[in-house]
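Next come two complexes built around chain A: one with chain B, the other with chain C.
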Partner chain A sequence: MDPQLQPLMDVLQQVKGYIYPNEIELQWGLLVVVYPYVTGLVAGAFILASLERVFNVREVQPTYRLSLLTALAFLIVAPLPLLAHLGHPGRAFEIFLTPNLNSAMAMFGFIYAWYLMVVLLLEIWFDYRKDLIQWAAGETGLRRFLHRALTLGATDLSERSLSFDRGAGKLITLIGIPSAFLLHGYVGFIFGSVKANPWWSSVLIPIVFLFSAIVSGIALILLLFLFSSLVRGKDVDMACADKLASFLLYALIVDFSLEMLDFIHRLYEAEESIKILSQMISSRLFLSLVVLQVLVGTVLPMLSLFLVSPAFRSRGLLAAPAELRRLVYFSAAVLIQIGIFSTRWNVVIGGQLFSKSLRGLTVYKMELLGIEGFFMSALLLLLPFLILYLLVVLLPPWPDREARVADG
Partner chain B sequence: MESAGEPEAGGLDRRDFLRKSLPVPLTLLALLRAGEPEAEKKAEGDASKPPAYKASEHNYAMGIDTSRCIGCGRCAEACKAENDVPREPFYFRTWIERYVVQTNGETVVSSPNGGIAGFPPVNETGIVRTFFVPKLCNQCANPPCVQVCPVGATFTTQDGVVLVDQEYCIGCRYCIQACPYGARFLHPVTHTAEKCTFCYHRLIKGLVPACVEVCPTQARIFGELKARSSPLTRFMRLHEIQVLKPHLNTEPRVYYANLDGEVR
Partner chain C sequence: MRQQISRLSIVFGVLLLALVLARHFLIPKSFGKIGHYRAAAVDAIAARKIKYAGHQACASCHEEIVKLHDDRRHRNVACEVCHGPAAAHVEAPTEIRLPAPKQRGYCPLCHGYDPSRPTGFPQIDPVSHNPLKPCITCHNPHAPETPHTPEECSACHGEIARTKAVSHHALLPCTGCHETQKQHKITPQLSRPSKPASRAFCGQCHGVDASSPKEIPRVDLATHGERYVCWQCHYPHFPELK
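The block that comes next holds the complex of A and B.
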């Protein structure tokens, strides 16, 4: 027998109850967990950026450009886990060339291209254009060349031209919010529309995905904001951090309520799948769902943010000093990332751990090496940070740069 | 032909008669053959090939009488041999499930290696009833797998069979997720989706699927769904018919007779 198939023989030994013979091979592994996690961060970071632009939340202005660059860095990586997962990556382009218009998955190419080209790149370009011209004027060598090239030759700095930039940026953000909803709602729909799978088939899944995306995006930007202030030796802008933490708490409450609604709804309806799903939650998914997703990743950060952040009272329920607040925010944001990653895991892997015969449970054997392995996924999760670093070097997003101060 | 109209027939000797009348049938024959040169050429060309297969003239489906299945596994074995299905116990285009309904209310289902080598004996106490159920792709008329395929590599033929284009499938596995019956798998060598084709390569030669061919009890009945008389229409007239997971509205074209409510 092919030695590569040996892991499946081991799975065969661990099946509980009856599963269809073709279900022994788990179809979507860790890479497909990474994909919705990454797109969720894109959508969440963008929605945070739009808070400042569209809803005029002044406090979070320092994170505006950082959010856009983060969204871009993660969006560039988003299709890679899917590509790596395909049986024939060389044929991936057929999704663009000959899409089956009845297929939700076929829309991926169009939504992705729309979001990357029309929304993110354009918004970043309009926002940076003036700075690019000014930076290029005071630089030499490669940086000057790159910044000049990025202006695409549009070097008009007249007031009329700049006000066009602002107007265009605002319009794109307006288009961008529903687009970000579409980007991640679509990912939820991929799962939510599979009627064969009772764990996935729910109209709430796209909405739960969306709010968990907002949660993960805000938490990531909060982490990056605190981390970058530390690295750059700047004092943390606490007004901004407090505001981010408050929004994080609001989003977390909505997200948790939706997840509970989904859970209670399933429990109350108690369809034919309820027995096997309950078995799965209390055995195979207990650690990742009950412990990591709900307790560690949601309830704990929600309580700590509730006590410390000034979300409901101007000084927070505990009136904690700034240093403690920063520590709590940082820990809560890390826990939330763990929780949201577990959420993706529980949806993707959980949906394949029970048989569609509703008579048995299987296991997922994660490999370490190989394309579907742990290290590949870890690499794909680190890659966006590398891209973000390069972007930040090329397009400094810091509001305290002289160029920004000069703008007023 | 003036001689034919000659009044003195008696003056015509045998030699004259033969000489003068012979051209008549020959000319007639030549005229008749000249009238259909195309048809003649085609007939000559087709002599070496079977008649052309027209998908639009067929509408295939399968009937399965679970009360006839003895769980011998010949169908699953024949399928693997006929279609080069990998021999490992997790790739099947068709398989057999055994249901053991016990007096304690539990139902134990098994399908060791798809039932290819039969089933181990059951403990005979505490059993209400046992039965076998052959499973395969249901060739749905409303197939979720075809709906979700992002590139259209899986499609329904005119004769009602759902197929996968191996040259086109990108191996995303969405169709495998969308199938409610666990009928699909990813071929470990070609890395494309695979499933039962009703042995389409046999159908176009006028043969029945391999599993139907080898079934010793005729538990599988294959044929035309819309024909006025076919083994399948007879089977469907004489039995009460059910399909698997009807609530999912996939409209399966594999029809079960004597199906137990325990079967999913």
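The block that comes next holds the complex of A and C.
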């Protein structure tokens, strides 16, 4: 047999029931799973940052700048999975030149550009401007040049000017919250509006996406906050960690309730697709949905946070020492990341595993190498951390560093 | 104006200017005249060499075949679907001849069995349906027969029929062992023929007391095979030699 046909033959043996020929091979693979996962982290990290700015949650202040830089690092990587998946990256800019108002996908370029240019970069710039000027004054060489260039020459440090920075930052955050909702709600909108696909077509999908984004974003910042404290040899600010864990629990409860609402609604509505969907959940998606998404990624962290974090009282249900709380928070945040990644997997891959005849299931065979493969996706998931490292070196987000230079 | 606003205005002004310039130089002139695409693309496509001649062109020379074809069930299958693009042939009828698909692989593209095809659409299993014979030996593609329900079991179960034909059971009719409803020929999946359900059935010929010719192998049903039905061990379409 032609060796090129071998992968198809392998898949064909696992196809169950009736399926149309064009449904055997999945068109959207791992890269399209990575994309909503990454944009979710962007939106979630930004919404966390806005808590401090708009809602004056003092405890999470130490993570404010870290959240902004994390959102930026992930936002830079967000379109790369799509570019890699579509190919022809040289044509990507054309969606800006000839905007097509009838296509949600085509308008994403503008949502992305708006969010990057008007929200994130501006907010970071206004927030860092004072520090950039002061850092540049005490530095030499490349760092001095970069910091000075980043001020764009706006070096006025008068009180009026600084209060303008604060006001502008607050205004941008206010615009930023609906923008972050738009950024990730849009991703859910794309899936939710595929009316031919009963697994995707639901008005709840954008909202479920949004809340899972907030969950994953807070969990990521919690991880980075704990990790960075460890690396810098500083004591973890437990008031901040406790508050983050509490918010994580609130968001997780809302997210889980919405997902269950969607699930129960589907069951009660029992449309003609319900049989094949329940077959899919109990066979092809059992591990990734029931085990990873619901049990390991949601219920387990929710219970552990509920027991340990001071979300509903001044202390957790179990009076755990700080060290144990840190360990629980860290493990819960890791499990949540696994759970949210599984959520994206179940939406993207799950939506393509059943036939439009509603009478058969196919399988997804992941590549290892190649542009759609495992290693490419792993690279795209690691790249934001590299970018974040560079950003942190260039623009240290730590409150103590800000104070020290300001005093000096 | 605040210093911050003026500096940011410069940055955004430069970006905006870059966008305007890019739009000016990079968008094709004819973009958007008709729809959300380059209008000149229509002329570019129209200028490409025409490869298909169309039904009318065939009729002007092959009048009889086209007339026959147009009256029968393949009337909606255009000549060039099977014979390929004919524009070159129309220009030079004798130099450029069109192929006719005579090999077996072609007709099953439409008529090979596929569960997603509509009910009643004529379909065969290319492996078991008269293997090795080109389709056109029995079927005239210009005037295909109206599909009818198969008369013989072998129309669908050719492989079994051919196996049985060279076995000791060659003379037994299929319906001798399989009770078959009429409906099976119309909706084969929904009305399935029966299989012998008891050992006594085979025993009618192969039992010790059976009144069949004595050359037929005998077994003592009381001691042979325990609780199994015969066809669980013996393949009745090609029973082993004695």
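Basically, the second predicted complex is superposed on the first by the 390 of 408 C-alpha atoms of A that agree within 3 Å, B and C clash if a C-alpha of one lies under 4 Å from a C-alpha of the other, contacts with A are read in each partner's own complex, and residues count from 1 in each chain.
Keep this in mind: contacts are C-beta pairs under 8 Å (C-beta built on N, C-alpha and C of every residue); 3 or more make two chains touch, one makes a residue touch a chain.
Remember, it's a predicted structure, so these values are computed and weren't measured experimentally.
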Check the residue A:N100 against both partner chains and state whether it touches chain B (first), chain C (second), both, or neither. both
Once the shared chain is lined up, is A:G153 touching chain B (first), chain C (second), both, or neither of them? second
First, second, both or neither for A:S357, with chain B first and chain C second: both
Contacts for A:E23 in the overlay, against chain B (first) and chain C (second): which applies, first, second, both or neither? first
For A:A168, using the defined touch cut-off, is the partner it touches chain B, chain C, both, or neither? Pick first, second, both or neither. second
Just chain B (first), just chain C (second), both, or neither: which does A:D255 touch? neither
For A:E52 in the superposed arrangement: first (chain B), second (chain C), both or neither? neither
May I ask you to decide whether A:L122 touches chain B, chain C, both, or neither, giving the answer as first, second, both or neither? second
Shared chain A footprint, chain B vs chain C, residue numbers 18, 20-21, 98, 100, 102, 357
Inside the complex, what are the residues of chain A that reach chain B? 1-2, 4-5, 8, 12, 17-25, 27-28, 82, 85-89, 91-92, 94-95, 98-100, 102-106, 108, 190, 194-197, 351-352, 355-359
Help me check something: in the complex, which residues belonging to chain A touch chain C? 18, 20-21, 93, 96-98, 100, 102, 117, 122, 125-126, 129, 152-156, 161, 164-165, 168, 357
Where on chain B is chain A touching in the complex? 88-92, 95, 97, 108-111, 113-114, 135, 144, 146-152, 168-174, 176-186, 188, 190-192, 248, 264
Sites on chain C touched by chain A in the complex: 2-4, 6-8, 10-12, 15, 19, 22-23, 26-27, 31-32, 36, 115-116
